[in-house]
Structure formats: structure tokens, C-alpha cells
Amino acid sequence: MPRTRLYRDGVLISEGFPVADVSDHIDDAGCVVWFDLCSPTPADLGIISEELGLHELAVEDVLHDHQRPKLDTYESHLFLTVYHVDLDKTSGRLRSTEINVFITKTALVTVRENDHFDIDELVRRWDSTREMAKHGVVYLLHGLLDHVVDGHFDVVQSLDEQIEGLEDELFDGATGNRHMQRRTFEMRKSMVQFRRLVLPMREVVGSLLRREIDIIEPVMTPYYQDVYDHVLRVAEWTDSLRDLVGNIRETHLTLQGYKLNEIMKKITAWAAVIAVPTMITGFYGQNVPYPGFGASIGFWTSSSVIVVASFVLFAIFKRKDWI
Amino acid sequence: MPRTRLYRDGVLISEGFPVADVSDHIDDAGCVVWFDLCSPTPADLGIISEELGLHELAVEDVLHDHQRPKLDTYESHLFLTVYHVDLDKTSGRLRSTEINVFITKTALVTVRENDHFDIDELVRRWDSTREMAKHGVVYLLHGLLDHVVDGHFDVVQSLDEQIEGLEDELFDGATGNRHMQRRTFEMRKSMVQFRRLVLPMREVVGSLLRREIDIIEPVMTPYYQDVYDHVLRVAEWTDSLRDLVGNIRETHLTLQGYKLNEIMKKITAWAAVIAVPTMITGFYGQNVPYPGFGASIGFWTSSSVIVVASFVLFAIFKRKDWI
Amino acid sequence: MPRTRLYRDGVLISEGFPVADVSDHIDDAGCVVWFDLCSPTPADLGIISEELGLHELAVEDVLHDHQRPKLDTYESHLFLTVYHVDLDKTSGRLRSTEINVFITKTALVTVRENDHFDIDELVRRWDSTREMAKHGVVYLLHGLLDHVVDGHFDVVQSLDEQIEGLEDELFDGATGNRHMQRRTFEMRKSMVQFRRLVLPMREVVGSLLRREIDIIEPVMTPYYQDVYDHVLRVAEWTDSLRDLVGNIRETHLTLQGYKLNEIMKKITAWAAVIAVPTMITGFYGQNVPYPGFGASIGFWTSSSVIVVASFVLFAIFKRKDWI
Amino acid sequence: MPRTRLYRDGVLISEGFPVADVSDHIDDAGCVVWFDLCSPTPADLGIISEELGLHELAVEDVLHDHQRPKLDTYESHLFLTVYHVDLDKTSGRLRSTEINVFITKTALVTVRENDHFDIDELVRRWDSTREMAKHGVVYLLHGLLDHVVDGHFDVVQSLDEQIEGLEDELFDGATGNRHMQRRTFEMRKSMVQFRRLVLPMREVVGSLLRREIDIIEPVMTPYYQDVYDHVLRVAEWTDSLRDLVGNIRETHLTLQGYKLNEIMKKITAWAAVIAVPTMITGFYGQNVPYPGFGASIGFWTSSSVIVVASFVLFAIFKRKDWI
Amino acid sequence: MPRTRLYRDGVLISEGFPVADVSDHIDDAGCVVWFDLCSPTPADLGIISEELGLHELAVEDVLHDHQRPKLDTYESHLFLTVYHVDLDKTSGRLRSTEINVFITKTALVTVRENDHFDIDELVRRWDSTREMAKHGVVYLLHGLLDHVVDGHFDVVQSLDEQIEGLEDELFDGATGNRHMQRRTFEMRKSMVQFRRLVLPMREVVGSLLRREIDIIEPVMTPYYQDVYDHVLRVAEWTDSLRDLVGNIRETHLTLQGYKLNEIMKKITAWAAVIAVPTMITGFYGQNVPYPGFGASIGFWTSSSVIVVASFVLFAIFKRKDWI
């Protein structure tokens, strides 16, 4: 079933009709059309572009990979790029899906790079606030932005949980673990990429709100304000996560230094404990008539000195907490 | 006793009446109502929302966890979210309590997430400035903000004291202590979370003051200015604490390196002091007719050389401050 | 063939005519002239300067090396400096080519420092958007900026790929490799230089767009907006790369510390495993009648103790993952 | 003698009269009064507050410890908080003294936390610019600010000298010294506290200058501009000091690493120099008929090998600069 | 010959006349006077101040050391402080010379702290643009600023070359060299001081340009814009240098860690290679009838085992690249 919808005066008239039929409704009074394209060909875009009078630069932009949310204003329409973000379940890496949106007075066209973005969920969200449908395109756009930003929220929450996990492991012995190093590395990389997709959202939603672009009716303002508020929270949360990861990294470095110091102390201590008996046996191995040379008393002296010296050293080092 | 209050013309008429009775007074001329909800159900909120004409988005926000102070303006009311912050007595961790506030012309509704926020203390504060009650909701709101920001002050003061404690331990031997590492780590984490709850307060109180939202009468301005001033001081103090913790952390790293150098010097020195006698005894243990082989003179030579070499080495290293 | 072009009313009339002929067309109604100079002598510049009425300071600037993109406004013309950037294929180092541009109402003069900038590609680009030629100088300038910024894009993409390469090597054993250290160093240096040539472009293209300089007709605005958008993306991407390189560098340091700890643990362990048998043979080398002195049983005891002690130590250390 | 002064028409009429007499003069035409309170009781403040019509919040502020310079505007007066800063002579730590100032049209009241601030010096400063006294309160305030900011200058100069001292010690052997570490730590702590007291001064003096508060007559503007200029210089100097301390700290870390590398090289070298003769004596201590066993030639071979091996190793290591 | 000049209607009338004669010309119609003072006494300044009607604060400023470029506006004149900067040829340290400038409508007075600033060069520069002399004081000021900023350029270029030198040494063995550490340290210190003298120049020249101070005629604007452009380039270049030095420093730390790891690996390896033969000779030194005790076969076994074990260990370690 193709992803299409037709509203008239705020009521859903039909959905699932072929994209080709869209042109029949697009100029009807009181009608609002939504349709969705998934990885369309340039030809597909060409047809739609002509139908809706889209600017060639905006259409061209759909075909390129941006990696940056933005809102462009053209004479007859707006062009919005946002990113759906989630974490790949198997690798844990960040996965982003570009969503391009053309916004005219009577139509909303969503163009998805691939099908990682759950369009069914978006439709459900629209249906759950059906009573606002009379606001037309602005209502549809709000549902879309709300859904995308909620996705950002989920990601930042997952990253936060991963950080909590790292924190717990920090004071276990596991920190030296090569595997954990790699996980930390991957997570920091995800955070850099995430910031790049999330921070410009403030500007995008902010400029919708600041009424530079006069499409939002006053009664819808609180709803967009709400989305903006979410965007700010995601941005601030992301910044906090950076600080938390910095805290982990620096504590980790300090713990490494602490361990190194511990190990060096142990080396000194054990080296001394072993070197002293060796020196004593060396003494008794000399071919000179030392006291007890070749006599029973020599053996007992030697052995006693070894045992006593070792024990005393061990006791001293134990006390200094060096062993 | 339910948390409710009714003022008429700046005089406290009654308090502790059931929340259900609120609606009787809410439209009386010259009346101002306060009531408080602790972790209400959606149904509770629904009733109140209808009574006071609250916006659905604001009501929905109460049910979500925000982690960000904010001030939203709706047509008929303001919606404020602030956080009461304290340090948990047993674990020392930061504990935050979300407080949502609906502000209409004649009513102030506080909705607390849980009962960690001491509402009795707030009531006492209001009573201590009873003479300002004639300013109605603005007076109530001032008391609330003042109380919340004072809580932030207490926390930043505690953190400062903890940092002083860390500073004192820094030059004691205790710094290698694993327990202390953990405490430092926890404190830095608390500071990140605290910043996130405190820094947006500047914007919240600032926008109340900038008269964008025209609810504060000129005569109350200095009182809000005073709160704003406190907020700024908390924010600046928090930033100073970051610098102080950075100072501790970096000094700690330098001290660790200093210790490692010390230990390495000691190893070299002791290794030499022990290795030389071992080498000498090895010499006298050879099965070749070295001078003194099998003779008393050999023993005395060997022993003298060992003693003298050890002592000389020890003296040299002592002088160089290596032992 | 000299690089010259003459447009009349948006149609390409002639190209490749000698630079000296330019002056014939420069004041024709509806005519727009482009010509290009590659590392001109001061004398060459002097002639052109007089012909077009260029400001002496702008002409002087051409002869100096700037290392900074900028846009200067003179009474009768604009003066633009941008940098073409690419990576030298053999050394991998950044190579920049200064391009100075004089922009009058009817002429665009490009002055290149050397021929690293592919001017044929620029001509091709112009021809591919031939239908916009009626906008005259603004159209030519757009093609130039678009081409330069696309070059920046290519560089940032290459740097990104190099970083991916470094990331892959990070967890291989290769990181200790001196050669890799040098490559990382070179890449960071390239990034510093690149930032310096790219970040001021925001201001340059931004001030063209902000209409401070009133040369862009409204219909061309989206095209310049598009270039500006590219500039922003390059700038943001560059900043992300810094973060990614920081991530690599810090992970590398942590891995180094981890390796050092590993090595120290191994030293301790092996030193102990070897020192203990040495001590035992020392014991049996004493010239005192220890049990088994000069007897077969002594040999078997000695050998057994050595084997057992070595094996036990090895087993213990293996278990502790120290060997 | 109490700190009081009465000016009439720019001429000093009397000074040192009891504070209680102030009220007699405060409303005289053309009269300007200054008086000073040192750690007053709430009761003292209450009397003065009533006399001058001070706002309760400002009076309350005097009794709290702020740790932040600020300028509050009340309807009938200004309230200024600045900090006198000096370095305690014995401990070298930063010592700050809060000075609260009430500024009305005809009176300047200074309230000092304690007597570390040299009020005599302030009086001398006023007397040295006696000819400006006709500008009344603005003249008094200028003298005060000038004096306070000069104090900041002295502190930043002392810190700079301390840093020069640290720099000199950096390349001496003294850097490993525990005492020096502590001094560096203390100095960085002082700098954090100093910044907190100094940076907000820009805003305080700046807002006096920006004429938001219309008390400065044009003829006095250059004098306040001069103070502002000093404030900026202190702020910039403080920031430079941070960079210089950062330079010291990072150079110190590099030197520590350099030392560690040196020590490790020495250990390797000496360990080898000592281990090789030990191995040789071990060889000649074997109970097997090696060449020279029990013979004079054996002794000479052994001794020669030991001497030659040691000397060769030592020479090699000396050449490699390892010993 | 005193440094004085008199222009009438843009023509140089006389120069080198005594400073005392200046007052004769200062009020002539169409006359512009320049004179220069090198480290004047307060008395000298007093005379000139009276002649030109300079503000006492500006005159006082000349006598103090500022360490901060600034531009002050007084009613009848401007007061400018800039810094000539060069690198001392013997020590390589930064040397700054304060230049104070009084700018009235008809006179430019330069006051130099000492004679490190080459005033002859300035005069030559003025003469090379003689045709602009008709713009009077603005022309003189432009020449001065241009000369000062060119000096900054020379310094930043020298620092850049020094950094290139450090980069070349980085991958040589020389980096552990104490002398190089000191050079790096000195250079970073120079950069901090340089920034402090250069960055405020943006504000100084910028505020001349922004026409807040209405002294620059439109025809001179491009010349000041040109100076401003130079100032920006110096500032940006300085910031790039910081990044480059950071790159060097961090690469150096990584290389140090790499070296330490190398050394530790070598220690382990050589310690093992030497310890094993020692253990074997210990075995053959035992006074127990081991196989080959006192027999030729023992000697050959022992020697073979030693040689083989040493060789095998050496080969293994060589393969692992540990030796």
C-alpha cells in the first residue's frame, strides 16, 4: 500500500491511493495531501517536482548526502532535512537516516533515504492527535518533527545507559580490558556523530518558531515550542554526556597511573625479598674459610640468616603496604 | 492535612481545606489560591486542568521526566519546571526532585514528583514575609523560587566543602587510595548533573525579570532581581568548582608522576646496593686460585670489600637523595 | 588559448580572444566579460587595473600572500580572495592555491597564484548551467564559489577517510609504529591549515548573502544560499574531525598506558620465575654441609625444588594473567 | 575617630564627627556625606537604612557573604558590592574583603566586612584629587573604585612574579620537590578565586559607564573609563597568567616524562654492567673442569674477562649517552 | 635632529625643527604637525599637554606601563596605545615597545617608551605615500598603524618558522634534549605575551573603522580596512600557531610514551637473556653430584646449554622486535 493520505477540512478522506493520483487533489480547496517516497529515482522526483513547483536546488539536495539538518526557504515552499537516528542492534553503532521534507501550503512530501525510519509509527502518531488535523500541513509537520526528536531522545538515553555501564566497570578490574577500550572508543565516536546531527536541530526548529517563516498558526505554537524544548534537552543532555565520558576517561588515566605505581612498588619489594637470600647464599658459596665453612654450624647460620632476612623484609614491606 | 491556602486581599483566610474545595474560591474577586499535589495520578491532573483551563501540553509535561528547568508561556497561564536538589545523606550522591508549577492570575499549583522537597519550609518562608502577600501569585512564586535557589546554594556549598576535603588529602599519602578515587569520581559526576539542573535557571529567572512575561509588578522587581542574583552566583560558583577540581586532578597526576620517578630512583639505587655484594661473593665463589683462595685473608678481604662497597654505594645514593 | 569569455544578454558570444581585446567589450551595453590571469606580473596587473578602475590596495593585495579568505568592498568593485585546496598526491600534505577575484558590474577577473586550480573544470561547470548566464557576473561568481567549495568538500572527505584508516590501525599492533605517529602528526597539521582557509569562508559567503553588498538578485539567492549551506557543512564537518582525532589520540594514550602496565606485569612475573631457581642453586652452591651436600639425594632435591618452584610460580602467574 | 566626612559645595567642611550626627546633614542643600561602617550589627544597619531610605533587600545583602561583585539598582539608591583583594603575607593565600556600598544622591556609605581594607589610603586618595570634590558622590565613588582596582592590579602583579619564580625553578632540579608542587597548587587555587572576584568587575564598572544608571556626569566619564580600562587589563592579564601556568604545568609533565625515560635508560645500562660480571663469576664458580679450573690461568682469564667486559659495556653505554 | 615635521595643505614644509617651535605652527590654518618624544620626563609631557590641551588622564597613562593596546576618546583628542613587537636577536625572547599616540585635529604626537621602534622606517613609509599627505593626521596615523602591524606580521612569521624548526626536530632523536625543551617553553611563553599585545588590536583598529570616532574620511577607509585586514590575519595566524604547538606537544608526549614502552621491552628482554645463563651456571655451581659434576662432559654440557639458551632467547626476542 503506497504511503499517501488526503485530508479535507481536517478529516481524513482517503489513504493508500497511488502516488500518481496525488495531482488530482493537490489544488482542491481545503485539501491537504501527504505522500512519502523511499529512495526515489531522479525521474520520480522530477515528476513530483513539476507537479508541486519545487525549486531545482531543493530537488537536487535530495539526491546528495548531507549529514546536516537544515531548513531552506524557497519562494513557494520550504525544504527541510532532518535525520532519524538509532543505534544498530548488532554493532551498537549509530545509524542515521536522512529524511527530506518538502512543505507547501497544501502538501507535505517526505523523502526517505531508506526504510530504517518507521513510517507506520509516524502515521499512528498522527492518528492519535486526529483533532488537530484541521491545521493541515503544520499539523503533519509537527507530528513528523515530534517523532524524529523522540528518536533522538531514545538514542541519548541509550548512550547514557552505556555510560552508566562503563562507570560501573571503571572500578572493577575490567578496565584494562582491550575489549572495553574499544567499546569506549566506539561510543565516543557515536557521540561526535550524534552531536553533528542533533545540534543544528536547535536552529531548524528555532527558526520555525521565531516566525521568520510564517507558517505556524498561534494555536500551534505551544506544540512547536514543546518540540523545541525537547530539542534543547537532547542538546544539553548530549553535552552532559561528553562531560561524563571525560570524567570516566580522566579517572581511568588516574587509575592506570595508580596501578603502575602499585606494580612498581611490588617489583621493588619482591626484587629485594629475593635478592637478599641470593646474596647470602653467594656469601656461603665463597671458597674462603668464612665462619662455619664446611661445618654444620655454617649451614644452620646460613639457613637462619636467609629465613630471618626474608621474613623481616617481608614484614617490613607488608607494613608499608608494598607487597 | 492537605496543602492548600486561600488568600483574600493579601490576608490568609483559610488553609488545609480539601483540594476539591479549591474550585469554590478560584474565581472569587481578590482571591488567590495555592495548592500542592505530590505525585498525582493523570486523573487528578485532569480534574485540575479542566478547572483552571490548563493547556494539555503543560499537563502532559508533568507526567514526563524532564531533567531541565524551563518556563513555558501559554495563553492563559505559565508553566514552570524547576528542580529541588540535595545530596543524599548516606551515599553522598545528588538527588533531584522535579517541581512543576502552574501559574495563573489567581492560582499557584505546585506538583512535586515526590516528597523530598520540604514543603513545610516553603510555607514557613511565605509566612515570614506575610506583608507581601497582597501581591498575590507573584509573592507565592517568589517564595518558591527563593527556596529552591537557596537549596542550590546549600548543594554548591557542600560540594565546595568536599573539594576542600580532597585538597587536604591531596598532599597526604592517601591519594593513591582507591576509595578516594571513587569519591572524586562521584563528586565530578554530581557536578555535571548539578550544572545541568542549575545553569538553565539563569534563563528561567532572567526571562521572568526581562518582563517578556508581564506578571511581575515593579515593586516586586528587586525581589526577583535578588533571586536572579543568587542564581548567577550559584552558576559562577559551580564554574569555579570545576576549575578547582581540574586543579586537584592535574596536581594529582603530577604527584603520581613524581612518585613514579621516586620509586624508579629507589629501585635503581637498591638494585645496585644489592647487586654489587652479590657480584663480589660470586668472585670469591670461583673455583680458581684467586688471591686469598681458601685462606683466612680471602675471607677478610671478601667481607671488607662487601661492607665497604655497600656502604660507599649507600652513602653516595643517600647524598644524591636516591635512597 | 587565453582564458577569456564574452557574454551578451546571457549568450556566450566569443571566448579565447586575447586579454588585450577585453577593453573593447568592457563598456558595451549588456556585455559581461570574464578573463583569467595566472601568476601575472605587476605590469600585467597595472594595465588591467587601469582599464577596470581597480583600487590600488586591491591590486597590491594580489601580489601578497594572504592565507586568509576575505571579501573587500571598494567603491566601484568587490575584491574577493578564496583558496582552492587539495591534497598533494605524493606527500599527502595540504596544498592551497590563492585565487583573487575582482568583481565589477560587467566583468569578473580571476587571478590565480599558480595552475593547481583546474580552470577547465570551472568552465565546464559554467556551461552546465548555461541558462542562468543572463544573470551576468553573479552567475559567474556563483560557479566559481561553488567549484571552490566543492574542492573543500573533497578535502574534508579525504581527511575523514584518513581518520577512518587511523581508527582501524588504532587497535592493531601498529600504533607503536613511528611511521604512523608521523602520519597522524601530518594529518593534524593539515587540519589546522585547512581550518584557517575554510572557516572564514562562512563570513565571506555569508556577507554576500546578507545583502550588505547588494549584488545578488533575489532569484539567485537560493543558489548562493546553497553554497553557504555547503560552507557550513564543511565547517561543521571539520570540527567533527577534530573531535574524532582527539578521540583517537586519547584512546591511543590510554592504550599506551595499558601496554606499559602489561609490560611491567610481565617483567615482575618473569623476574620472579627466574630469580627463584637462581636462589635455590645459590643455596646448593654453599660450601656448608646442607642436607644432601655432595650426595645424590642433594641433586635430586635441588632439581625437584627448582622444577616445582618454577612450575608453581608460572601456574600462579598464568592464572593471574600476568604472564 | 569615626570615619565620616561632610562636603558642602565641593569643600570638605568637617570630618570625624560621630555617625549619629550624619542625619543632621544628609538633607542639607549642596551637602554630600560619606561614612564608613566596619562589620556593623544588624541594629546599626537598621538605623542607617531608615535614615537613608535603603531597600531591605540591599540591607539584608550586607549581612550575607556574597563572593561576587555586583551592582543593584533600587528606586532611591544604588547598591554596589566589590572585593578588596590582597595576598596574605605569611601564607601567600588570597584574602578577600567584601565592601558593600550604598550610593544615594547625597551620601556614600561604605560597609566593610573587616579592617583588611586600608581606609586611610582611600582617604588620602580622595584628598589628592580634592579639586574634583565638587562632583559629589560620583567623585567619592570613583576614588573608591580606583583604589579597589589598583589593589587587584597589585595582586595580579604578585601572581605574575610568583609565576616567573616557578618558571625559573622549572629547569632547575627543584621541580620534583614536594614543597614546590604545593606552592603551584596553592597559586592555581588563588587564581581561580581571584578570577571569580575580578571578572564580574567588568560588568559592574561597564554598566556604570554605559549610562544605564544615569549618575555619572560627562566630565567624569574619562575617569570612570580609566577605571574600566584598568579592570579590562586586570582581566586580560589574569587570563594570560592562566596560559602561562598551563605552559609551566605541561612543560613540567614533559620534563617528568623525560626524567623517567632517563632513569629507565640508566637502570638498563647499570643492570647490564653489573649482571655481566656476575654471570662470568658464576661460570667460574661451576664445579666442572672448565679451562683454567683450579689453575692460576683461570684466575687471570676470569679477572681479565670481567674487567674487559665491564669496561666495554661501560664505554658502549657512555657513547650512547645511557650512563 | 629632533623628530618633527610640518605639513601645510599636504606638502611637507619643514622637518627637524626643535620641539619647542611646534607651538608656533599648531594653530596655523591648513597645518599639520607631527613630533615624536622618546621616554620623555613628566615635565616634557606637561608642557606639551598644555600646548595641545591634552586630558590629564591620557598624559598620566603615558607614564604607566600598560601592556594592553587601547583607544581612548577624549573631548578634544584621541589617545592611542599600541605596541611595537620584535624578537630579541640574542635571546630570541619577545621584546615589546609601548607607543603612545595623541591625535588631535592638527597634530600627531608619538611617545615611545624607548628607541627599539625604528622611527626612521616610519618616516620612510610616510614619504613613500606622499600623495596622501593631504589627508593630514589620518594619513600620518595610517602610516604608523601600518608599520606597527607589519612588525606584528614579522614576529608571527618568525614564530611560525621556529615552529617548523621544532617540527623537524620532533621526529629526530633530539627531542629528549633538555635544551630543546627550554626552547619550546620559551616559545610558548612568547606566544602568550604576543597574543596579549595583538588580539586587542582588532578592537582598536575596528573601532576606528566603525566610525564611532568620526575621523576617517571615506576615501581613507580602504586603507584602514587594509590595516584591519592585516590585524585579523595576524590574530588568526596566532591562533593557528597555538594549535600547531599543541600538535607538537601532544605528539611529543605520545613519542615519549612510545620510547618508554620501547625501553621497558628492551629491559625485559636483556634481563631474561642475561638471567638465564646465570641460572645455569648457578646450577653447575652446586655442591651436589649433578650429571657431569667435576667431569669434562659437565663443562661441555654447561657451556652448550648457556650458548644455546642465550641464542634461542635472543632469536625469539629479535623476532618479536623486543631487542
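Per-chain numbering from 1; labels A, B, C, D and E assigned in written order.
Operating definition for what follows: a residue touches a chain if its C-beta (ideal position, glycine included) is under 8 Å from a C-beta of that chain, and two chains touch if they have at least 3 such contacts.
All figures in this text were calculated on a predicted structure; none of them were measured in a lab.
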- prompt: Which contact partners do chain C and chain D have in common?
  reply: E
Query: Along the shortest chain of touching chains, how many steps lie between chain C and chain E?
result: 1
Proportion of interface numbers common to chain A and chain B (over half same, under half different): different
- prompt: What is the Cα-based rotation angle between copies chain A and chain C, on a 0 to 180° scale and rounded to a multiple of 5?
  reply: 70
Intercentroid distance (Cα basis), chain D paired with chain B, Å: 26
- line: Rounded to the nearest Å, the gap between Cα centres of chain B and chain E is 41
Statement: Expected list for chain C, residues touching two or more other chains, is 253, 257, 260, 264, 267, 271, 275, 278, 282, 285-287
- line: Following the ring of touching chains out of chain C and into chain E yields C, E, D, B, A
Statement: Seen from chain A, its contact residues with chain B in the complex are 167, 170-171, 222-223, 225-226, 229, 232-233, 236-237, 240, 243-244, 247, 250-251, 253-255, 257-258, 260-262, 264-265, 267-268, 271-272, 275-276, 278-279, 282-283, 285-290
Query: So in the complex, which bits of chain B are touching chain A?
result: 55, 57, 61, 66-68, 70, 72, 74, 176, 178, 181-182, 184-185, 188-189, 192-193, 195-196, 200, 249, 252-253, 256-257, 259-260, 263-264, 266-267, 270-271, 274-275, 277-278, 281-282, 284-287, 292-296, 298-299, 302-303, 306
